[in-house]
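Encoded as structure tokens, here's the structure I'll be asking about.
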Amino acid sequence: MITTVCLNTNTREFAENCIAADISELREEEGNIVWADVSDPTSRDFEELAEEFGFHHLSIEDCQNAHQRPKVEEYPGYYFIVLYEAELVGPTDRLELRELNIFLGKNYLVTVHSRPIRAIATAARLWHEWTDRADQGAGLLSYLLIDAIVDDYLPLLDLISERMDDLEDSIFGEFRSEAIQEIFSIKKKLLYLRRSITPLRDVFNMLLRREQPIFPRETHVYFQDVFDHLIRVADTIDTLRDMLSSTMDAYLSVSGNRMNQVMKRLTSISTILMSVTLIAGIYGMNFVFMPELRWRFGYVFALLSMVVVGLALYVYLKKVKWI
Amino acid sequence: MITTVCLNTNTREFAENCIAADISELREEEGNIVWADVSDPTSRDFEELAEEFGFHHLSIEDCQNAHQRPKVEEYPGYYFIVLYEAELVGPTDRLELRELNIFLGKNYLVTVHSRPIRAIATAARLWHEWTDRADQGAGLLSYLLIDAIVDDYLPLLDLISERMDDLEDSIFGEFRSEAIQEIFSIKKKLLYLRRSITPLRDVFNMLLRREQPIFPRETHVYFQDVFDHLIRVADTIDTLRDMLSSTMDAYLSVSGNRMNQVMKRLTSISTILMSVTLIAGIYGMNFVFMPELRWRFGYVFALLSMVVVGLALYVYLKKVKWI
Amino acid sequence: MITTVCLNTNTREFAENCIAADISELREEEGNIVWADVSDPTSRDFEELAEEFGFHHLSIEDCQNAHQRPKVEEYPGYYFIVLYEAELVGPTDRLELRELNIFLGKNYLVTVHSRPIRAIATAARLWHEWTDRADQGAGLLSYLLIDAIVDDYLPLLDLISERMDDLEDSIFGEFRSEAIQEIFSIKKKLLYLRRSITPLRDVFNMLLRREQPIFPRETHVYFQDVFDHLIRVADTIDTLRDMLSSTMDAYLSVSGNRMNQVMKRLTSISTILMSVTLIAGIYGMNFVFMPELRWRFGYVFALLSMVVVGLALYVYLKKVKWI
Amino acid sequence: MITTVCLNTNTREFAENCIAADISELREEEGNIVWADVSDPTSRDFEELAEEFGFHHLSIEDCQNAHQRPKVEEYPGYYFIVLYEAELVGPTDRLELRELNIFLGKNYLVTVHSRPIRAIATAARLWHEWTDRADQGAGLLSYLLIDAIVDDYLPLLDLISERMDDLEDSIFGEFRSEAIQEIFSIKKKLLYLRRSITPLRDVFNMLLRREQPIFPRETHVYFQDVFDHLIRVADTIDTLRDMLSSTMDAYLSVSGNRMNQVMKRLTSISTILMSVTLIAGIYGMNFVFMPELRWRFGYVFALLSMVVVGLALYVYLKKVKWI
Amino acid sequence: MITTVCLNTNTREFAENCIAADISELREEEGNIVWADVSDPTSRDFEELAEEFGFHHLSIEDCQNAHQRPKVEEYPGYYFIVLYEAELVGPTDRLELRELNIFLGKNYLVTVHSRPIRAIATAARLWHEWTDRADQGAGLLSYLLIDAIVDDYLPLLDLISERMDDLEDSIFGEFRSEAIQEIFSIKKKLLYLRRSITPLRDVFNMLLRREQPIFPRETHVYFQDVFDHLIRVADTIDTLRDMLSSTMDAYLSVSGNRMNQVMKRLTSISTILMSVTLIAGIYGMNFVFMPELRWRFGYVFALLSMVVVGLALYVYLKKVKWI
């Protein structure tokens, strides 16, 4: 389904819900900026786009094949941008990455996506509010959209960071050996998030350092802002990865310490039991001449010495912290 | 064996199965693009190639010595490209890397390989279909061939990714200590795949950033597409490697946990058995005055206390999760 | 609250505690350098700043949203700088990072912060002392401020380094298994410190290597000095991280050795006890013909052989260092 | 000892075994290329070289002090190259690195080495065969020499790779704990090999990318070939290092698994023995009323229950794979 | 204390032990090179230096504050260089790093240090010997000094390398668990050495690659030589670090193996003892009908079966290498 909105930068008026057929007309008019949003596209839609905007067949193919790398590609007359909106969904906090394809031309923006993208509503709202900056054209609109997507990574990373703090508390508190599974799951999430951000950061870095800036000076500052947010997201991901690997080390170390404590304790108990059993063994010997056996309180004496030996060992092992 | 196909870019007609002897003639004709495919080459074939196309003896030697590094080398008048087609073969999913040598000139493409290359059929089919873009010359043909090879890495990596998911499930599910061997085997596969992709990525990066582009503007976009796929494959390999090392960590940690659980359990059982044996030992002592020995239900009492002690310990150890 | 100080570089006289309303007037006068310090800013303050100095709305937004990345951004007419002052506070040495936003223009410096920054007092004091270098303008003032902040990292790192030495001594001395928690806590501190320094180092590196220096030649040398200190802080952090990971390795290794020692000892004691118990077991057998049982000193003989066997084993195990 | 060979590139005739005194004369003649090979040099030889060719005293000193870094240094009028020939010698496959110093001038090549270098014979042979390319001068000769040395690394790495395959098979097959020593020894070999190759690769990379190529266009292609081989050797070393670290991980993991298996088995056997001993303990109690003691087949019954309990436990532990 | 030596490059005569007051005069004379060595400087000395040579107050401050980073800084008219002389001192081979500050001007060299620097004597000696190269000015003198310091790192690294060889031998030979402490101590030494070399290497790299060389062509070759030695030292440190981490791995692995061997042995002995005890337990049962008990050689038979069972188990466990 294609939804089209058009802004005239001179009159600062919006023409909403234009039909696709009008696009050619709208684009021809001086000062018009057209945003065509194609959701859940059919092959018919792709043909129309290719025809209307003259997109290169390679970029159309990239749109059709899902799971592209995040990227910014320069084609004659337009940029083709792929990026991913991230969200944690469901009770198990599954990471969902939703692909968004953007064609950015001089006076138009075409967005293509098969699943609903929350950032589109955000960008549309801001576009209507920022009409006083309308003269900065389609670049500003693409900034609003990309920035909305990139900024959405930060609360998500905060959430992951909180989980990691809980995890860490639980490791140094009441230890659960299942924490390893959670560590593993967060590691994978961070890996996927990193994969969907760092390529963009590198491309923006290159675009912004070019000799001839591709955006007018005023828009340039906005893309520097996006770049800044990209670095911030990427840095946060790297810091979280770093901390997660520390958490993993802590998990392994604490897990080892606890296990060692248990084994020391069990083996210490064995030692006590063996010592006590030895006394029983001694008085189980069948020698004819064993004076204790005939004592009136020999049995009580034996039981007492067992208790004494057992307690003495227990106290000693407690002191050296083996039990 | 040399198979030659020729496309006239003006008439857009193909001349199939030309004999090698015709090559000189075909190449001279304006607008002709010649593709000579040399499979299982003899030293006679190499001599003919060197003579007909004037290839430098160093590139011919590289063709003759197998196991070259993937690379793109610039020789006067032509490019010499080495790359590898990857396939998982046999029941054990052995990784097979098949070397393909490409000589790319202005109006010809020579492919040399000792084992059959699947991508050649794919490229040939597309070449016949894309005749409307025939005017982009030998560059487009080389794009079709290289892209077919690079794209074939992706399903292969998907397969490996699935194996890794299974492996991970099995590690957190019913643990098998043999998983380490599988991890090791995947690690080696990824190492070899990486080795056959990353050098190409680096070379393409350099070629595409040159001041003077070596391909005409229209073909340039195709090679940017190959470069994009190369990055995607390389990134996927790196992500898989990253995840595999996490899987390895998880394996070691879970393996350790399970072992610890077993040892705790066995040592706990030992402790129970020793405690019970101690009771038997006590009533095995030979003291003359041991009242219990003369009780009517002394034996039953002893057995019962053994059961009680054993059960009490079992319940306690179960509660602290040592058993 | 906005505090304003103004220095006239010609007369070298300071006008302290000017009211915000005077800023426009002060800025217009030739040779004046204005420092406006905004602490705990309200949205009203931001509006005034934007109006008076013409700051771009993106940089104002960065000021309003806390937790920016440390950075230096170039806006038309001014630089926007974000950096963090670090301090260890409280009995648990919690790391506090206090954000400071700086707007550096040709003849003014605006500092914005929501928590008190110690370096501001230091910089103000030095500014009053260094009036003989007043002709170097707002650049020198920003140098004094940034340098005061960066230099404050060094004593903090010295403190952490001392803690690590103590930690190391305790690991090789009387081992405490809780050291892992301290290692983890220092690791996190270093991670945060690194995050608040390295981005600045990279930006300064870029700024100082530019073809056209952005500072006059005389001020350049001061920023090179800040850069030098940034590298020193960053290097020290990296060295400490490196050493901490060695400390972690040492912790794990010593922890393992100590545990092994304990287990060897306990298992050795078990072996001794079992050997001695075996002798008791032998003389507990009920054979009719066992000459020892009838010996006068059979019992003493048995006890003695237990002692001898036990001691012999003990001495042997001591010799091979298993006990 | 100085051995001198001279090739006249016009007549393509060789003058073998010239005496050192003739060098000046030979060098003056148009079209002559002189190769002076200095083996086991005396300080007298160095003086002659310095005088005859005018070598800088720093490069002479580098020749005299062994264990230089592999490098290519540019001196006025000549290049000074240090590289190492590698060989595995003796029954223990000790790695021998033999230093070769090369002075490469416009029309001469001086090689200095204190131990015999195999590649010199190879290069000499090829030089005599390739007289049809003689017009490429001393550059081609240095190519032949350097290429012979670099190519010799590949069979050596193949040998190490085979050892590693054997090692890996043995780790997953009949495990030997001594494998760690072999892993360590290969690691050191790879470290030394890497150290003697990667600096050269980096220097060649720099030399070949220069704006003004230092070699004529025709020779350039040969040095690109050496560079390609250097990358191949360096890549192979890195791959082997990567695989060795995997092998190390596998060793540790398999070693851990085997140990765990043994400990589980031994502890399981202990448990069985303890259970059986408990039965013996029970019937060793001295209660007056123990009906079984008086049964005709009480003893056989006791022995049988021991066997039954022991077997039952054995079967159970076998089933859960603890034994 | 300031010691001043002056060399006239025309007459090649030295004026030794000039008093500080003469410096101005000496510097003015054409062709004079002045070396002022300031040891254990007072604040008075610093004032004199600043006045006489016009050093920037930032570089003077760096001199006064110890523990600067090794660096080369360009100030108007001179270079300010900080580097460290390294020595292993005392019976425990403590690493001592002694700071040396160098001011290198067109015709003077000022060295400032608070502890005696051995390299100063070496450089002074060579300066007097190399008078035939005196025309290369203060650059050559600084080369002699820096080179003397850098070259002194190599024997020190050789010493550390020998220690590491001993360590390695001891790990694979008679294992000492204290080796970990030694590994840790060497690790720290290498960390500090690396920190005092790599920054210099990076700065020299940058200085030597500059478009406009800062040294005359003839001196350039000397600084290339220093750079070469810096790389060699840095590479050696990196190699040693790499090997030390291998040594650490080997230590951990061998330590684990030895511990496992001990535990297997002890547990195996337990198993033997338990089996033998079981036999004693059986014949300790009180059944009325136990034929063996009445046999003439029942006791001997029991003892023999104990020996047989014990030996059989011992032989078996020896065979499977558990004992």
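A few remarks follow.
The chains carry the letters A, B, C, D and E, assigned in the order they are written, with residues numbered from 1 in each.
Keep in mind that, in the parts below, a contact is a pair of C-beta atoms (placed from the backbone, for glycine too) under 8 Å apart; a residue touches a chain by one contact, two chains touch by 3 or more.
Bear in mind the structure is a predicted one, so any value in this text is a computation, not a measurement.
Interface note: chain D and chain E, two copies of one sequence, contact each other through mostly non-matching residue numbers (shared numbers fall below half of all numbers used). If you average the Cα atoms of chain B and of chain C, the two centres end up 41 Å apart. Averaging C-alpha coordinates per chain places the centre of chain A 25 Å away from that of chain B. Residues of chain E found to touch two or more other chains are 256, 263, 267, 270, 274, 277, 281, 284-286, 290.
The touch graph of the protein chains shown is a ring with every node of degree two. Remark: ring traversal beginning at chain B, heading first to chain D, gives the chain order B, D, E, C, A.
The part of chain B that touches chain A in the complex is made up of residues 168, 172, 221-222, 224-225, 228, 231-232, 235, 239, 242-243, 246, 249-250, 253-254, 256-257, 260, 263-264, 267-268, 270-271, 274-275, 277-278, 281-282, 284-290, 322.
Residue ranges of chain A in contact with chain B, taken from their complex: 56, 58, 68-69, 71, 73, 75, 177, 180-181, 184, 187-188, 191, 195, 199, 248, 251-252, 255-256, 259, 262-263, 266-267, 269-270, 273-274, 276-277, 280-281, 283-286, 290, 292-299, 302-303, 306.
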